[in-house]
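Multiple structures follow.
Below are two complexes that have chain A in common, paired first with chain B and then with chain C.
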Partner chain A sequence: MPTRVLRLPEAIGRRLRRREAREHLIGYLFTAPAVAVIALFGLFPLGYAFYMSFYAWRVRQGPFRGLRNYGKALGEPQGILIFAGAVALLMLAVWVWRRARRAGAGRRLPGLLAAAALLVAAGAAAVTGWGRMLETGDVKFLNALPVTIYYALGSIPLQLAIALALACVLFQHLRGSAFFRMVFFLPYVMPTVATATVFRSIFSSRDTSMANQFLALLGLEPQQWLAESRPILEILFGWQLPDYWGGPSLALVSIILFGVWTFVGYNVVIFLAGLGSISGALYEAAELDGANRWDVFRHITFPLLSPVTFYLALIDFIGALKAFNHIFVMRSPLAQGTVNTASMVIFDTFYLANQYGYAAAQVVLLFLMILGVTYAQNRVFGRSVIYD
Partner chain B sequence: MPHRIVLSLTAAIALALSLIVIPAGAQSDPWAEVDPSNQTLVFWHNHTRNRQDALQAIVQTFNESNPYGITVTQETQGSYADIFRKMLGLLGTPEVPDLVVAYQNQAATYQLRDALVDMTSLLHSPKWGLSAEEQADFFPAFFRQDIFPLFDNARLGLAPNRSMEVLYYNRDWLAELGYDEPPRTPETFKAVACKAAQTPFSKAGGSTMGYQLSLDASRLASWTFAFGGDIFDYETRLYSYDSDGAQQAMAFLQGLYTEGCARPVGERGGALVDFSTGRLLFTSASSSGLPFFKAAVDAGAKFDWSVAPLPHTTPTPVMNVYGASVSMPKSTPERELATWLFIRYFTSPEVQAGWGQAANYFPVRQSAAQLLDDYFQHHSAYKTAFDLLQYGRHEPPVPGYDFARAMAEEAMAAIFAQGREVEKTLTKLNRDANVSLREQMEFLPSTE
Partner chain C sequence: MIESAVDIVQQPKSARLHVGRQSERNEVESSVLKTCKRAKRVCLYLVLVLGAVVVALPFCWMVSTSLMTLGETINRQWLPGTPRWQNYQTAWTEARFAVYFLNSVIITVTSLAGLLTTSILAAYAFARLQFAAREVIFFGLLSTMMIPEAMTLLPSFLVIRGDVIPLPGGSWLNTLQGLTVPFMASAFSIFLLRQFFKRLPVELWDAACIDGCGHLRFLTTVVLPLSKAPLLTVSLFGFIASWDALLWPLLVTTRETWRPLMVGLWSLVTEAGPETQLFMAGATITLLPILVIYFLVQRQFTEGIMTSGLKG
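Presenting the complex of A and B:
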């Protein structure tokens, strides 16, 4: 009898385990096509690029080079290590600053001072490390990184702000808002090459170009626009600042304007969806409490849109780091490489220099950069997102 | 007896010679026994519209008339760059076409994978090749252009057409400025260009320009040639962007810019617009643009214009000739020979004369000129340019030249738009270009 009692649960357990295994198997079979597609078209190319990056690969596979392709891009290890140290110091400064803000009044000031000191040290290390990297690394590739950052920082906040403003206006259900929603979305769905060609004409250095005609209306001097390599601060204020401190070139600013024009429509649509998901009861309650429009926006709309804003910022940032088509169409040798983002440099290394191994190393570095920035963005801004 | 000895000796020597010579002759023509019959070939090119129609007519005539039953299919595969990118992905696979248009640097890149047929033995084949006379009939600069010093002087292509860098000028405006012929020396050129910048053309209004130069590496090469230099040293097999000729040429052009007599072209096609509206006296561009200039001027300020060599310091003009050749990716001997027979047909004088007229390229055979009399009469600018072909020189056929070109264009922008020091800029350009070249040549198939 006791043996029979023991056998029954064992048999049930075996059956349950078998059923569980079958369910798992069915689950895996259902996900297998998706996994295969992702592996084939997503992971395999990435892995293959990683593999190529260790070889001298010029039309055909050459000898193994180890990390030399990475060294060629970033320069000697000392510079890279100093720069990596700067990033670590920066992260430490942020951590200390956060702790200090939460600390009691007595420990706040020393904490903030320590964070400031760490920040200064990080800055000094970054300048030193970057300088060494520029001396021994690939100047074209390294210069493309700040250009890429300029492009991202120049375009994303502007397009988010404009999109948010437009979405708020369109959400008022004014007459013709559906039409305007379509108009704002049009640049996003139009072929980039065609619209970039139109923008190239608008921002031509010719006196008769639309951009220069507009300046003439304002009584301003014509500009070289896409052919201008001088930084924007020098053009606006005459400040001749060293290296990257002068800001993006006017050529890059022209391209940023194109980027903003293109992606605002997409952001508007997503913001509108976000606005629609905010409960009307909150607005009614705020109205009863006597809140004005600005208060409502500041304390209800903006915080509750933060998941959407965060998502858009993330997607836009990744998009900006990968931007290529319109920059390819709008760039000119007269811009002196000041519009060459990392994607452009990788393209040139691949198709003009035919250095596939080295281009693959640049791709991996850009991928790591996107990964790092996305992670940092998630860590820094992700905490400020309000999901309820 | 001595008679018999002499006869025997003669017979022995003849036999020995026949034993030596016959196999040697057979060895020297590896194509003698290859049968090209009934092959179907694919030809990738970039030609569209009228040019594609003309090419189709050539292909059709060849298909109908060749005695071997060879059939060629021509396919437009996009621009030169599109074809290059497609080829890079297909090298070493059976998917490559039998014949493909390729600039010399593109062919050199393909050859890094040992992917092209060296046409030397086909060209010299007693049975299938071209006679010495026929070879001499090619314009020397065109014929030499596809021999690659970096690949043991392999012939990786043959030119079916060429273009040339020429100076376009407004003849009416030149006359108004007091000149009855285009400037031959840089000094005169500068004087005229500066005068034009101050003296508008009677048929045009607004601001005027003496000279506009697009930032193109071929312009840099052309001006360097005109100043007696070269951008490549064929002895050291390295770029020579910092040669005296290049420095003098760039310093001269920089002077034109700083004195307001020249401007860079800010947008694609900008020079054509300014020239055709009578606001620009000189510009340099490819001779293949002749019909576009004609159409633009006819629709614009309607003036008399022509082409001339770039002003030069050399005793005779040195003209930059360029254009894509046709190359043969490796396949089977039968297919390769069949492809060669089509190339031989395509580059024959009669076909060349027709192709030159239809495509507005220059024929590569000198004897084609005899068949172009009528065309010359109606296209005087084409004739002027054609007469300059004898002075042709070409840009280097090296892998990765596109990358060096991009660097050269940025150097030109730095010199002209930013007024950077010529010597320093060209020294840096030369150093960077040679680093890139060394990387390209790091592992050639033949060195392994």
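Presenting the complex of A and C:
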């Protein structure tokens, strides 16, 4: 643009430049209202939370506390350092493993062994560090981490798989598929508070609740559902596993089921858009080569959908972290905090306990965690995404 | 738009099927193939119907429970003996739904008006205008989509309380502006509209420019009438966001004056105790407006998401 302007006669150039300046001005004017609101209620709060996290702040600002709010959440520095060391070891293990896979056949084995050893060391350090942190830190806050991970790992793969299957069926263009698409999308647009209220009754601990009647139909014992704090593996198989190995509590599983019910429809619609953008020529070529349906799915549809899957996994992960309203409505004191994700704990610290400064420190820690996980997800899965 | 793209992709396939069908007619095993195809189609329909049943069942449960007596909800039949429509009336009066419903409508309409104004202007600027730092600002806004509400809640609350910056009128707690202003812009809406505006042909603007049309007039007279589907999508999402808001109103309303419907439903749930039928009736009431709107606009809505959910 600028080079062309220079070659034009002086008067026209000036007018063009004036128009360009006007366009800058209009651009800023048009974006200003949106930027102001989002900056004030979306970005500024993060910076302000960072500032608040260094103060004692109960409703009103108190004295400077330095890092003590963070210490209260995470416990003694020793534990944190050991845990951070575990994370570093894990990253090192991934790096060594990647290099070993690329190395020649002769040097591959020692590299893989080294990676395995590093992995074991990382695991041991993580367990020790985490144990220390639990002893000295805020158990409520720290337990939110496994709960959040369970929630994300429990809901994301499930809803992706169901949505992909439904989208593939809808894409066959059977009569009435537009109707089914609309129905599947319904839970996503309904007010969460209302639908969560309904699920509160479906998963209630009464013998006559819908979930228990369903179990009775299968000839199974009624369960406590949302009021059940025991982990799922203990209920299913009677295994008494230590720490977090028993899996999410049945209460959290109920909430995960609600989440899947809600979000599958959105994933279906996005998958459908992705399926529509795959070139039909590829399918024809595959048919000419005599590929069967599974081959076509395995070697064409799935790889070419990977950008969509990756996008959805990211969106669903963010959704899992954002999950609030339905957990807030569905949680029961009987679940003993086994359904409290990070968002819930932060809200409780702020709203119920009125510890603003401490809640702000938790916000900052959650933000760092989101950054870390998004980065890791990009590094690990971003490479296996195939763009056509 | 996607629909037509899908049709184009599908066309060769259906044409092929047609040819295939003709040649099949000559073959002896054609009837076997046909039943095979029919069986496959039945299977596909079974999957769809199963999915639809799983989606619909909770809604049926909700409506059926809302018409029961307390005894029936405990002894659990699938259907109420005689539908008790008065449950709706009880829920409506007991939970002061008349006031809350009106509040919710006012709050939602106000935030929606603000949301549409800011998003349309910003999306147009990001799609069509050249200005310094455009991309930086755009991605800065987009990055806020990743931040959970629970994280921004506390400082936003302090802002609304007037602790951080001076607000006109001191504190905005218990006011309409306190409930609506934070919802008056969303990165998602801007993103969605920008994707659409970008795809409109440049020739439109060139023609308007020759006619001496300014950006604002071009936007209102040419761009907006062409963008009904994305505007509906943004509106429905904005509507849901304000209608469904629970946390924020819970925080910024300490008095009843401006309390919206969801807070009413929430207190009904916590106070009604075992009277399931009442909060089911309440849930149905809060859900109905969105249901009606969704059925009216669902076609443009899903298409709006499909065309913009992909390809940043």
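As a convention for this text, the second predicted complex is superposed on the first by the 348 of 388 C-alpha atoms of A that agree within 3 Å, B and C clash if a C-alpha of one lies under 4 Å from a C-alpha of the other, contacts with A are read in each partner's own complex, and residues count from 1 in each chain.
One rule holds for everything that comes next: a contact is a pair of C-beta atoms (placed from the backbone, for glycine too) under 8 Å apart; a residue touches a chain by one contact, two chains touch by 3 or more.
Since we're looking at a predicted model, the values are computed, not measured.
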* Determine, for the superposed arrangement built on chain A, whether chain B and chain C clash or fit. => clash
* To do: Return first, second, both or neither, reflecting whether A:Gln224 touches chain B, chain C, both chains, or no partner chain.
  => first
* For A:Tyr351, select first, second, both or neither according to whether it touches chain B, chain C, the two together, or no partner. => both
* **Touching partner for A:Ile255 - first (chain B), second (chain C), both, neither** => neither
* To do: Return first, second, both or neither, reflecting whether A:Arg200 touches chain B, chain C, both chains, or no partner chain.
  => both
* To do: Tell me which partner A:Ala273 touches in the superposition: chain B (first), chain C (second), both or neither.
  => second
* Examine A:Ala152 and indicate which partner it touches, taking first as chain B and second as chain C; both and neither are also allowed. => neither
* Regarding the shared-chain residue A:Leu164, is it in contact with chain B (first), chain C (second), both, or neither? -> neither
* To do: Please indicate which partner A:Gln336 is in contact with in the superposed arrangement: first for chain B, second for chain C, both, or neither.
  => first
* Asked: Which of the two, chain B or chain C, is in touch with more residues of chain A?
  -> C
* **Clash with chain C (superposed arrangement) - responsible stretch of chain B out of 77-85, 167-175, 221-229 or 257-265** => 77-85
* **Doubly contacted residues of chain A, that is, touched by chain B and again by chain C** => 200-201, 206, 351
* Asked: So in the complex, which bits of chain B are touching chain A?
  -> 81, 84-85, 88, 91-92, 109-110, 112-113, 207, 215, 264, 266-267, 270, 399-400, 402-403, 405-406, 409-410, 412-414, 417-418, 436, 439-440, 442-443
* **Footprint of chain C on chain A - complex, ascending** => 20, 23-28, 30-31, 33-38, 40-46, 48-49, 52, 162, 165-166, 169-170, 172-174, 176-178, 180-187, 189-195, 197-202, 206, 208-210, 213, 261, 265-266, 269-270, 272-274, 276-280, 283-284, 308, 311, 318, 321-322, 324-325, 328-329, 342-344, 346-347, 350-351, 356, 359-360, 363, 366-367, 370, 374
* Mind listing the chain C positions that touch chain A in their complex? => 2, 5-6, 8-13, 16, 41, 44-45, 47-48, 51-52, 54-59, 61-62, 65, 74-76, 117-119, 121-122, 124-126, 129-132, 134, 137, 140-141, 144-156, 158-159, 164, 181-182, 184-187, 190, 215, 236, 240, 243-244, 246-247, 250-251, 262, 265-266, 269, 276, 279-280, 282-284, 286-287, 290-291, 294, 298-299, 301-302, 305-307, 309-310
* Where on chain A is chain B touching in the complex? -> 56, 58-60, 62-63, 200-201, 204-207, 224, 226-227, 229, 332-337, 348, 351-355
